[in-house]
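What follows is subunit A paired twice: with subunit B in the first complex and subunit C in the second.
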Partner chain A sequence: MELNFDFMVKYLPWYIDAAILTVKIAFFGILLSLVVGVICSVVQYYRVPIIRRIISVYIEISRNTPLLVQLFFLYFGLPKIGIVWSAEFCAIVGIAFLGGSYMSESIRSGLESVEKSQIESAASLGMSNALTMKEVIFPQALAVSVPGICANVIFLIKETSVVSGIALADLMYVTKDLIGLYYETDEALLMLVVFYLIILLPISIIASIIERRLRYAGFGN
Partner chain B sequence: MQDSGISVLFMGKNFLRLLEGLWVTLRISLIAVLLSIPLGILFGMFMTMKNPVSRAVSRVYLEFIRIMPQLVLLFIAYFGVTRAFGWNLSADVSAVIVFTLWGTAEMGDLVRGALISIPKHQYDSAAALGMNKIQTFGYVVVPQTMRRLIPLTINLTTRMIKTTSLVVLIGMTEVLKVGKQIIDANRFDYPTAALWVYGVIFLLYFLACWPISMLAKKLEKRWR
Partner chain C sequence: MEERIQLQVSGLVKRFGTETVLDGIDLCIRKGEVVVVLGPSGCGKSTLLRCMNGLESPSAGTIFLDGEEVTSDGKKITQLRQKIGMVFQSYDLFPNKNIMDNITLAPVKVQKRLKSEVEQDAERLLKRVGLWEKRKAYPRELSGGQKQRVAIIRALCMNPEVMLFDEVTAALDPEMVREVLDVMLELADQGMTMVIVTHEMQFARAIADRIIFLDNGNIVEDSKPDEFFTNPKTQRAREFLQTFAYKKRRTHTD
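Moving on, here comes the complex of A and B:
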């Protein structure tokens, strides 16, 4: 297998642009999904009536449908009732819609791992509900949730590969384009793999370091 | 004409065609799951072997499959392998291969997790009772790992169904593609068809995955 290096150098900027787009969508999507996740999990934790039901319906829907189908609905379906979003915005909303439920489940398992005695102790110290959440429940819950959140982050970055389906020029799209245009399949695929490794490998290593640290933290008490 | 789009679904064989399209991906995921369960069990046992070579090999395989988006793997199989080896793999064969490789890695990791979750004293107790290796495996290890594995395997099935929706991006005619054909054919008569068609596809996927997820959740609760 001989690689055409001139080709790879020539189209490197295409891949860099595409990688930036992938990272951008992943970043904003994940940020939004964390916000959605925190809101949903707190509502479920406090068992807020009615809203809690709506959120559990949302979680079931979002977890049981593929992102690609969600994106097609957002991008091609919604404009028919007058909601026209750019492809990029659709992708971010899609990632947030999908990721929100996964984040919510991870955060909720953390919140529920905090023992009741902790909350009672906080109450006996005269702390308000909000203060208890901020100072007592949340920090402890976070330690339990973080491995799950890290796994979700990696999962969501991988899921962004789907956005080429709504014509966004991400890494997959550029690769398919180059294969179609120049038939330099090996080179295009190699660069695709390398670029995904550049994005995902550091994050996955950081995630495993964090996870290991937290596991040691757990032993002390 | 807000309500006209929905009638497209009931014209001719449109709804049936959508279901047929869904079956294309469901069939791939079913075959892939059925292949990955036995392969994954073998792979999981391979991973727990004390041999450093088997550990290194399985680790590299697992990490590579896990870190790459499934779509990248599909592209490699569909565009790359065809070119590199001159095999003329059809889209559905390459999809089955990729999803089996992926399923084997995921299933293997689940099996590994279940196997190492059994504490050492269980093996010691079995040995103290005079059980041989096969008996220990059959009466002690398998029953305990099964309880853990079955809900997780069912979950893997729903993940598989969701992930196989990607095959439209390597040009297979599945439910999204059929949906697009229906929309394009009715572009001028029913401009709002896209909303309904994609809405129904959304619902169909939900109806395919949700009962399976519920079953997994129920079993997980019962066997905890």
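Moving on, here comes the complex of A and C:
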């Protein structure tokens, strides 16, 4: 296989821009999904009436519809009721919408794993529910949740490839574009793979380091 | 022991579903008094203690701590719990915090006391039980007996007026039981009001001012320890004490 290096060098800047966009969407989307996940999991943990039902419905919708469909809804559907968001904002919200349910389930399993006796011993020290959550339940839950959260982060970064569907010039989009324009399929695909690896490999490595450190952390079992 | 009433339980009933666990308990504990609660497994000893600090809400009856009613009302109960420390059977230190942080967390965050001041209290108490070197260790690095001593100190640093102990040595290896009981004996000597559930009969006899014997959700005996152990009034208490006695084993030499 002969690779056209001139082509690859020439379009490197496209890929760099696209990678930056991918990272940006992933970063803000994931950050937001963590916020959504924490809120949903805590509401479910405390079995807050009504809101808890609404959240269950959200989680079902989020988990059982493809991201592309969610994005179409945000990008093409919402304007029909007068809400117009930029493609980039839709992408971030879409990732957060999808990721929120996954994060929520991971965090919730951590929260549920904290023993009831921990909560009672906090209560018997006069600690309020909020203080107990912050100082006792959440830190212990996080140690259990982190592997799941890390897996979600990687899953969501990969899912960003779908945003090309709403005309965002991410890595996937640029690749399809270049193949369409110049038929330099091998080069374009190679660069696509390399760029995803550049983004994902360090994150995978960091994730496994965090997991290992948590496992041997001062308080792990 | 003073005459002042510290804890007043009146007509306490606690039901779980259709099961009546406590069936009209009346109990009055004076300041500085050490009350040991005895009774067969499942008779409601833990439930009684848990009602006293609001972990369970009574089905009927009232509990007054220092003249204030123990209710499950959110804000009030967190106030009251600062006056009543509790140590459980399972060592429930917070595994995500080191020993010092376990001890200082509630006094600093709940009572808004100065951290340095609480740390001084903690230092004094940790030194007394020989665990000062462990202040930076995490709970999982401690033995069961060490954890229970820390749990007692953690409760003490809230400066409670009453301490509740629910079988704090039941899950310990025999050689660690003593070190925990000694801490409790010392506490009793200092005049702490204590309600203790235990299966250590000799200890109960040594520490108690009063023995309460629970059966079928009622207090069936309320006596001085010597009286209870040498001459129990009821058949139930006699049978209960029998289960702790061992007959001398016959040898084959005769």
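Details
Convention: the second predicted complex is superposed on the first by the 215 of 221 C-alpha atoms of A that agree within 3 Å, B and C clash if a C-alpha of one lies under 4 Å from a C-alpha of the other, contacts with A are read in each partner's own complex, and residues count from 1 in each chain.
Operating definition for what follows: contacts are C-beta pairs under 8 Å (C-beta built on N, C-alpha and C of every residue); 3 or more make two chains touch, one makes a residue touch a chain.
From a predicted model like this one, the values you see are computed outputs, not experimental measurements.
Superposition of the two complexes onto subunit A shows subunit B and subunit C fitting side by side, with no clash.
After overlaying the two complexes on the shared chain, residue contacts for A:V9 are found with neither subunit B nor subunit C. In the superposed pair of complexes, A:I50 makes contact with neither subunit B nor subunit C.
Looking at the shared chain after the overlay, A:V136 reaches subunit C, while subunit B stays out of its contact range. Of the two partners subunit B and subunit C, it is B that touches the larger number of subunit A residues.
Chain centres taken from Cα atoms put the angle at subunit A, between subunit B and subunit C, at 110 degrees to the nearest 10.
Contacts of A:S128 after superposition: subunit C is touched, whereas subunit B is not reached. In the superposition on chain A, A:E120 makes contact with subunit C only, not with subunit B.
Nearest C-alpha atoms belonging to subunit B and subunit C sit 26 Å apart in the superposition, given in whole angstrom. Across the interface of their complex, subunit C is touched by residues 117-118, 120-128, 131, 135-136, 139-140, 143, 218-219, 221 of subunit A. Across the interface of their complex, subunit A is touched by residues 2, 5, 67-72, 75-76, 79-80, 83-84, 158, 161-163, 165-166, 168-169, 176, 179, 183, 191-199, 201-202, 205-206, 209-210, 213 of subunit B.
Chain contact summary for the complex, subunit A toward subunit B: residues 1, 60-61, 63-70, 72-73, 76-81, 154, 158-162, 164-165, 172, 175-176, 179, 185-186, 188-189, 192-193, 196-197, 200-201, 204. On the subunit C side of its complex with subunit A, the touching residues are 53, 55, 74, 78-79, 81-82, 84-86, 88, 90, 92-98, 105-106, 109-111, 138-140, 151, 154-155, 158.
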